[in-house]
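Take a look at this one; I'll ask things after.
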Amino acid sequence: MLLRLTWLLLQKDLRVAARSREVFGFMLLFALLCVVVFAFGFLREGEAAAAQVPGVLWVTLLFSGTVGLLRLFAAEEEGGTLVLAERTLAGATPLLLSKALMQLLFSGVTTLLLLPVVLVFFDASLAQPVLVLAALALGLVGQAMLGALVAALLVHVRLREVLLPLVLYPLLAPLVIAGVRITVLTQAGAPAEALEGWLALMLGFDALVLVTAPWLHARVVEL
Amino acid sequence: MAKIASPRPTGFLALLSVATLLVLAALYCVAFVARPDVTLGIVQKIFYFHVSSAIAMMLCLSCGSMLSLIDLFAPSDRIDALAHSAIETGLAFALMVLTSGPLWARKSWGAWWTWEPRLTLTLMLLLLAAAVLGIRSMAADGTGRKIAAALASLAAPVAYLIHVAVEKWGGTHPMVLKGGGIQSPGMQLTFRVAMLAILLFAATLWTLRFRVLRLEQRLHALRLELSAQDVRKQRPGAPT
Amino acid sequence: MTRLLAEGVGWAVDGRFVLVDVELALQPATLTVLTGENGAGKSSLLEILAGTRTPARGAVKLDGVPLPEIAPAHLARRIARLDHAPGLYLELSALENVRLFHALLHPGTAVLDAAALLTDVGLASRDHMRPVRGFSRGMLQRTALARVLASGADVWLLDEPSTGLDRAGCALLADVLQRVRAQGATILLATHDPALLPLADRRLHLDHGHLQPAQVA
Amino acid sequence: MTRLLAEGVGWAVDGRFVLVDVELALQPATLTVLTGENGAGKSSLLEILAGTRTPARGAVKLDGVPLPEIAPAHLARRIARLDHAPGLYLELSALENVRLFHALLHPGTAVLDAAALLTDVGLASRDHMRPVRGFSRGMLQRTALARVLASGADVWLLDEPSTGLDRAGCALLADVLQRVRAQGATILLATHDPALLPLADRRLHLDHGHLQPAQVA
Amino acid sequence: MLLRLTWLLLQKDLRVAARSREVFGFMLLFALLCVVVFAFGFLREGEAAAAQVPGVLWVTLLFSGTVGLLRLFAAEEEGGTLVLAERTLAGATPLLLSKALMQLLFSGVTTLLLLPVVLVFFDASLAQPVLVLAALALGLVGQAMLGALVAALLVHVRLREVLLPLVLYPLLAPLVIAGVRITVLTQAGAPAEALEGWLALMLGFDALVLVTAPWLHARVVEL
């Protein structure tokens, strides 16, 4: 039931996204732009560009993800359907899940397209691609779920464009720190064991978020 | 009432054939007339297309920008189609530069990409052109065109300023033409032929897109006229 | 048997009470019309009755159970709302909207004949498939009405439902309301539109937070 | 002398015409009521007449001058619009809103008695000073009406102006309209509300882009 | 007349901002957050933090400025007052100017508060504070005017949260490049003459934008 309703809502989101077609493209372009801006701002001559890859990659995902989150509930607000969508037969959870999945889809595709671009641009290569991809996956899942929760809670708050990053970034700090460390360590050729702790941290974070977010959301939203 | 019959595209066909011949000639020259570079070897041959694509890109985008400005001044569907197709063609050549550049860079600089000012400028231009085209297609009918035109007309002077900044900054990207020029006569001939070919190719693309856009505009007008008659028929008292 | 009951409901904004001690009992198969001056608190009362706003005082009960104790999922199936916002996804077509909201409340049941519903509320079939973003005000209102119909709820709380409707639209609305009432629904509608008054089984007038039977005009 | 003139106006959406060959001449000191089915194109026509939407064909002339040739600043002083959006800053109070819009159109003139205007449209003085964000629908509509009054325009284009107004509000609206008409204003209002019909000097019915004198119901 | 109407609209914006009080605070917090994120992402051990100051400073201003720009026309949209505010007795220019001034005010205050914080965090000092402040001022003026223009043009475009940075960042590139270079050069102790060219570039950019923006805006907006 939960899954069926989530799927219904996700389908709806996909359809809306398909109608306002260019979302995907623009999100990717924005991510690219972040890369360019960071390169401008933080690269200095005579320095190996590859060393900046971890920072650029994670910060770009954080920022471009935020752009997606800000639009996540746009369709609900415009038509005044939020209350209706929150009150499905399985409560408000399908809405949260469908939004998190939507965000995950967006950021996942962005990441897959962005990663090779960053590697080419910064003339770097992934020493242990599987580990880095795992870290990225864990990071994106956590960001999607937590981001969807925060976005859902802030829908009716004015100034949420400002508040959302303000609340979200500190909450995501563990993921970003761990992600950057993992990427740095793999680049430095550290053995897989050195990364286990960090991956475990991300895993724990994700587990915590996945379990508590729907519960918190339901408590807040269902009066 | 819009003209229905499309005039035979004789001019366009002539342009197309000349451009095709020239591209073939250029390919021939690149392959057989110009000798491989001493240090860079065969990759150097990208040079002919890389540089001329870059120049075609600059030309198309600046034309697009200027035409957009004119369209803001004195709106006309013709100018609009001209501007729009120029930006599209510019975008295509920007992609060409951004493909040929890295291929070359890999060989001569040892990296696909560096955060070298000129390369970054090219990337910025590409993003800007894409955004302008996107906005044009996204916003509701008339406004999108105006917004895109305004942004496009800002883009050229700003791109110039970026260029200035980039020159001041300096970098590793070569400046052959302003510097010593090309020495070997074979290379020089090839370069000229390739330049001409690419420019004509750009003109062909531009014309093609322009014609398509014009036809779309005409089709739209015809559809509208049909629909107007449809509405008139449904009126009370209209003959059925 | 009372279906929807408000007991001593009060609601305050900025430390000032808009509604005080509102007592209201709505029976099945009745249509109640709520009138009142601009700013009397009709919309606020409807929101409280629907459970989307928490009253400062008192309680609302559906079939004797206080609203906060009812699962929101269940509540949504029982109580349908129509207010100033259309409650539609603007990028979706009328058909898709109606189907979606039906499916959210009644997953797995037989597919609804959404097109028939839309035709019922007077939406030309040409308009069933295009995004409702381009709809005129009256067309949006009709689509929203179809959405409410699709919910299958048995308590209807409508805030100025005839807004933007032309004469034919008003007649359709009246038809729909009478039909639903005949099927046993409890309907409360707030309106200033005299055309809807004749439908009422009971008329209430809200005056300074006080509900009283309306004088017949 | 014709004040506002539409000549062969056509307007299309997605390649489909909604309005075709609309011919309309509005005189000073007259009130014209425009009716038409939902989706007939009334709101679109009003926007075109106000110069906020460009027609696909034809032209609109104010005192003989095509709208695009009139400076927008001048246009705003001449033509006032009231439509579905209230056209108010929600964070400002009713008083501040009315004063602001008056000052934007008539800078440097004597300060307007905004409070009197608001009282005119029936807004209790208690509500003059609080942000309009908290207003009820009818209160918003009244404030918007006061804004239009403050503009001092002599062409009024109103889209369903009685939306959300209670009976007293409708009467006030009728008063205002009659007063403004007596002062020479040209008024065109689109509505489904039968209460406003008696005000009309002339009634037009929009049907498939065709304007015709309305049958008296 | 133009100035008077601009002042009226600016006053209105200030009042709206004062009522939804928190704006200023949040913008600053967001800027601080950016600094922290960048520090996490781009600082590596054993490297002088001060070297990152130019990048961090300018990129932060670019990003936090964007956040302000996204909210710039919020009040107009919500109440449907955009068309009314565009049609003052002096045309649409007062609206654009008031919005640009509003943005300048916000970003100016943010900068003044941010600058000392960044210097302390990164253990840096300004070698030629006057020149850097001048560069910052020129940068913020250009950003405010161009940003207000782009925001005004994109008000009715869907996805403008994504499109605004997409269009704005490339357009602001000359300012950011020049700003970063100036800050780097002053830190490196370059003589004032070395900076003149860059300052002239910024001045030229600002002049171009200040002259053309109102004109372009009027052409687009006043049908």
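Labels for the chains are A, B, C, D and E, by order of writing; each one numbers its residues from 1.
Operating definition for what follows: a residue touches a chain if its C-beta (ideal position, glycine included) is under 8 Å from a C-beta of that chain, and two chains touch if they have at least 3 such contacts.
Since we're looking at a predicted model, the values are computed, not measured.
S.K.: Looking at the contacts, which chains touch chain A and chain B alike?
M.R.: Touching chain A as well as chain B, we find E.
S.K.: Measuring centre to centre with C-alpha atoms, which chain is farthest from chain C?
M.R.: Here the answer is chain B, farthest from chain C.
S.K.: Going by the touch criterion at the top, tell me which pair is linked by more C-beta contacts: B-D or B-E.
M.R.: By the number of C-beta pairs in contact, the winner is B-E.
S.K.: Taking each chain's centre as the mean position of its Cα atoms, how many Å separate chain B from chain D?
M.R.: It comes to 47 Å between the two C-alpha centres.
S.K.: Counting only Cα atoms for the centres, state how far chain A is from chain E in Å.
M.R.: 27
S.K.: Centre to centre, by mean C-alpha position, how many angstrom separate chain B and chain E?
M.R.: Their C-alpha centroids are separated by 32 Å.
S.K.: Roughly how far is chain B from chain C, going centre to centre by Cα mean, in whole Å?
M.R.: 56
S.K.: Residues of chain A touching 2+ other chains?
M.R.: Chain A, residues with two or more chain partners: 20, 22, 26, 29, 33, 36, 40.
S.K.: Mark out which residues of chain C touch at least two other chains, giving numbers and ranges.
M.R.: 84
S.K.: Would you please write down the residue numbers of chain B that are in contact with two or more other chains?
M.R.: Correct list: 124, 127, 131, 134, 138.
S.K.: Output every touching chain pair, sorted by label.
M.R.: Those chain pairs which touch are A-B, A-C, A-E, B-D, B-E, C-D, D-E.
S.K.: Can you check the complex and tell me which residues of chain D touch chain B?
M.R.: 10, 12, 15-18, 20-21, 54, 56, 207-210, 212
S.K.: Which residues of chain C touch chain A in the complex?
M.R.: Chain C residues touching chain A: 51-52, 54, 68, 71-73, 75-77, 81, 83-92, 96, 100-101, 103-108, 131-132.
S.K.: Of all residues in chain B, which touch chain A in the complex?
M.R.: Those in contact with chain A are residues 102, 111-115, 120, 123-124, 127, 130-131, 134, 137-138.
S.K.: Under the stated contact criterion, what part of chain E meets chain A in this complex?
M.R.: Touch residues, chain E against chain A: 20, 22-23, 26-27, 29-30, 33, 36-38, 40-42, 44, 51-52, 54-56, 58-59, 62-63, 67, 70-71, 158-159, 161-163, 165-166, 169-170, 173, 176-177, 180, 184.
S.K.: Spell out the residues on chain B that touch chain D in their complex, using ranges where they run on.
M.R.: On the chain B side, the touching residues are 142, 220, 223-224, 227-228, 230-232, 234-236.
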